[in-house]
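Shown below is the structure under consideration.
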Amino acid sequence: MGLVVRSVKNFALIGVGGFVAPRHLAAIAETGNRLVAACDPHDSVGVMDRTFPEARFFTEIERFDRYLEKLRRQGDGERVGVISICSPNYLHDAHVRLALRVGADAICEKPLVINPWNLDQLEALEDESPGRVYTVLQLRLVDSLRKLRDEVRASPARHDVELTYVTRRGRWYDASWKGSGEKSGGLVMNIGVHLLDLLLWIFGPASRVEVHVAERARAAGFMELERADVRWFLSVDPVDLPEPVRAAGGHALRSMRVGAREVDFSEGFGELHTEVYRRTLAGEGYRIADARPSIELAYRIRTAAPGPDAERTHPFVRRP
Amino acid sequence: MGLVVRSVKNFALIGVGGFVAPRHLAAIAETGNRLVAACDPHDSVGVMDRTFPEARFFTEIERFDRYLEKLRRQGDGERVGVISICSPNYLHDAHVRLALRVGADAICEKPLVINPWNLDQLEALEDESPGRVYTVLQLRLVDSLRKLRDEVRASPARHDVELTYVTRRGRWYDASWKGSGEKSGGLVMNIGVHLLDLLLWIFGPASRVEVHVAERARAAGFMELERADVRWFLSVDPVDLPEPVRAAGGHALRSMRVGAREVDFSEGFGELHTEVYRRTLAGEGYRIADARPSIELAYRIRTAAPGPDAERTHPFVRRP
Amino acid sequence: MGLVVRSVKNFALIGVGGFVAPRHLAAIAETGNRLVAACDPHDSVGVMDRTFPEARFFTEIERFDRYLEKLRRQGDGERVGVISICSPNYLHDAHVRLALRVGADAICEKPLVINPWNLDQLEALEDESPGRVYTVLQLRLVDSLRKLRDEVRASPARHDVELTYVTRRGRWYDASWKGSGEKSGGLVMNIGVHLLDLLLWIFGPASRVEVHVAERARAAGFMELERADVRWFLSVDPVDLPEPVRAAGGHALRSMRVGAREVDFSEGFGELHTEVYRRTLAGEGYRIADARPSIELAYRIRTAAPGPDAERTHPFVRRP
Amino acid sequence: MGLVVRSVKNFALIGVGGFVAPRHLAAIAETGNRLVAACDPHDSVGVMDRTFPEARFFTEIERFDRYLEKLRRQGDGERVGVISICSPNYLHDAHVRLALRVGADAICEKPLVINPWNLDQLEALEDESPGRVYTVLQLRLVDSLRKLRDEVRASPARHDVELTYVTRRGRWYDASWKGSGEKSGGLVMNIGVHLLDLLLWIFGPASRVEVHVAERARAAGFMELERADVRWFLSVDPVDLPEPVRAAGGHALRSMRVGAREVDFSEGFGELHTEVYRRTLAGEGYRIADARPSIELAYRIRTAAPGPDAERTHPFVRRP
């Protein structure tokens, strides 16, 4: 009977100074792999001490690239097999290209791109390259949501869904790249894409799409999906937090109502990166084709003119 | 009789994207004050969400300055009373000047400056300004160290002291401003200044100063203080961690032996910023004159030629 | 009988890596003064070799400030008397404040600010400071324009004016700070403010203001001034260059028609900085109050809703 | 008897905000080609207006790369054939890799790399790529130097050569990337490599190499080449300019004495880029193998310990 020797993979990471990097570092460590290099223009990266003090660190992407190229030339034991990407959204596809060009796979934070046509470019480059492009769609790994999906898919019934997602962000948000439509893709792309992916994955593709609110800090609309009518509301403005939540000191409201039933999905934010890595390394990661529907839908919503003749609006949409 | 109304002070903070900022934010919150503005060239500052989501955030010091100036013109309720400074060391004195010029006090991370002559400049500007300059010397607030100081000062006896401070830093450290002598002042100024302040504060001023090791990641020497002979060793290189520490998964060794007795001071790293703020706001903060001796000593050590004819070396100093 | 010794003044300059810096360097040299320090985040500043190789250079405003403060403490012979400011528009007022705070005068490129209310702040700070704030309004020094102004002011007659200003900018313009409304103030503030100042200075204050075109690269409108009705057109888009200009290889059309007469003002772009400096150093520089009307008018135009019911439109305004 | 249609090539350029960019822009224009994209972190690039206003401009290398990749996918008429590289020295090889990866040739400023081993990496990548790597060695095109080379090579005689190169740089030089050994390779690599290439190209390979002075702003040494003994002196410090040069208002001394004869090579600085481009586009450009000897020699000099037992020193070397 064969002896299975699972080899340790060399990882590199782009965006190690950012908010979501610690989850990727933990996922690399917890899947038994090794970080050999990291990059960020910001050099406050003491977070590396905990898990990978031996990893090289670069503040310039060019020097990072030189090091990866050098490792590639040194051969199999040295070369980087996977690059984890958690840079600002508008740089994701450039960093995925970097990964493919040094022969590595990419595991890229969502959204893979902020303009859908760049997915075509990535797919074409992936075809020419030995590496594969994976993305992080961790909500699909939440047990309660998987069960819901199985149920929904088991019958042709249509559902009435109300999705409410309010999460407070401070005023810094607007002064950061996240507040720049050009760099983050805007609220619906940056935060909403998670929810859109979830809805499409559970209830099937969208036909009709209405947008009722399209503000910088708030968006809402209605969608007809294959198996559901969905009224959705998304906000980072604390004024949209219901009074009871605020009274309890809470900063977020995440609710999905399917018919009369409330489905919890708060688990999915934060703790699932290791599981995403495990599946990806086992060959079951989400690929460009998996990311495409929600990115195309987010783009469609982002560029739609909000209609004054809304048919069904989310109850949080305030009317003057 | 009198009714005491303790007013809430407006704070601003420079360096909110950095490592030590969370302690300052917590100290501002825990002393019942309010952050109204923060600045950092790096915009990954979600840390502000927890305590001060309402604070303005700026990535450019010029815009931050404009906002502070505007608040100053708006009068007493609006103006910023204190600016907390946790930017890279080489910018500390410039940011203290900014605070003084908008009429605010400064609470500045150590070291206040990396070249001692800039203290004179700060003192002169402080004399012309309504604001005061305070620094963070939190080790002086550790109970065990205060007791030790009282004992030492109560008798003229001289002590034999061995100070060992090894704390692992990853390879990123060298690629960051902390690894640049020009920006951090080097290891002895950046990390050692804490310990030098402690020694001078407990055992009195230095007469003889020998330097035995002066490497990028490691320094050692001998000092004759008023009431102690001190052999000291400072390193961020993990090879200097004793095997038992490493075996236990530890990343740091912090030891001060006074005669036969081990004095614990690990408590002082991390949890004392709120207490520093409390005292400073009560008018008992540490001032430029308090910071000066350790900065001058660190500078003296940093610029000394390491002597080959060392008299008493720390046991960790490896001989070829 | 006294002997007049004209002393050499120490200058510093902010924005030495930019487009307009060479004119300021030349003006400093040609008025017999000396540059002692310069600052720019961009370090491609070989331009300094020609005139002031001895000047210190800094890439960080904080270090520049430290050096100026040090010179200030060293006394009269050393301190900087004037700071020339040619940084991006949105930083002008912050850099003027820096000048005032180190006790220097400021000679600042136009526009002094991009939001008029910041002029109040500057005036208040100027009142508290020994230094004065000057700006560069070089078109007012063009001989032909001075003569026109004298004529216009000599009689109460009203004039019919058509101002056309088309100057090609490459596509880089949009990707630079000049293309960002937030950083440059937009086309009318960044380029138009020159022309508005000229019109107000010659023909008196504006009553009625219509805006007909308000695009990123093109603006037009109509103004009723005290002594003129003005139709104006401003563009950086090469498609607005008349065919004869393009055929002749030209890149700009600068035309002011007053009644039937064409007034040349092309001289005013480029060669008048030395004269501006000479007057300013002689106590005849333009001050905040001089800059205010055109900045307020530019702001008014920039924030006006372009009206569809235009009364008199410039002939270059294309109608669909 | 075919008809030769010389097609216009699409160029892109990295470093368009820098000192040497105008020569490359001119060379692209004068060889009848077209710039379609340029990149520089600094956005003061009005220089593009003169020649290529239609070219796209990017301040981030990632977005520049995205655009090049997009053009590549659009096919032959759109794709970029050549990337001109005039970024800071330490980024040259990364930008050459970028060129090769998008299928373009690279025309790279000297020095191609600052550490010779990176040449191996570039050669390996060039072997895998359709593009070629060219460098700018414009002194080899100076007529007087070509003649000298022919003469020298025509006979086995050895020559006595004294090379003196003093060119004043202001104090800004040290505060820029050019003054950083890590980024420019230091004086001998950044400026001297031109002269070393010239000497090796004319007089053949070096055997003995002595270094007499190795300061930040000044270097000198002696070399035994195949057909010459060379004493050389290189400085950017104005104190090394002979009094007559300074009295005449000069800022540079460039002298090569071969035996009793003075050879002029000042022509080679500035005006030869177009000729370099012409030859390169005709397939006669200088390749990695041509650049290697001078880079290896510069590196050898840069890392040599200056010997106190110098045999033959340049007369400018001052003895204490």
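Letters A, B, C and D mark the chains as written, and numbering starts fresh at 1 in each.
In the analysis below, a contact is a pair of C-beta atoms (placed from the backbone, for glycine too) under 8 Å apart; a residue touches a chain by one contact, two chains touch by 3 or more.
It should be emphasised that the depicted structure is a prediction, and the values quoted were computed from it without experimental measurement.
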Check your understanding: Which chains make contact with chain B and with chain C at once?
Key -> none
Exercise for review: Give the chains in contact with both chain C and chain D, ordered by label.
Suggested key: none
**Study point:** Rounded Å distance between chain B and chain D, as computed from the means of their C-alpha atoms
**Key:** 46
Check your understanding: Where the CA atoms of chain A average out and where those of chain C average out, how many Å apart are those spots?
Key -> 46
**Study point:** Whole-Å gap separating chain A and chain B, where each centre is the average of the chain's CA atoms
**Key:** 39
Review point. Taking each residue of chain B in turn, which ones touch at least two of the other chains?
Key: none
Review point. Which word fits how the chains touch one another: line, ring, star, complete or other?
Key: ring
Exercise for review: Would you tell me which residues of chain A are touching chain B in their complex?
Suggested key: 17-19, 38, 41-46, 48-49, 52-59, 168-172, 175-178, 238, 251
Practice item. Give every residue of chain B touching chain C within the complex, in rising order. Key: 60-63, 65-66, 69-70, 73, 90-91, 93-95, 97, 101, 118, 121, 124-125
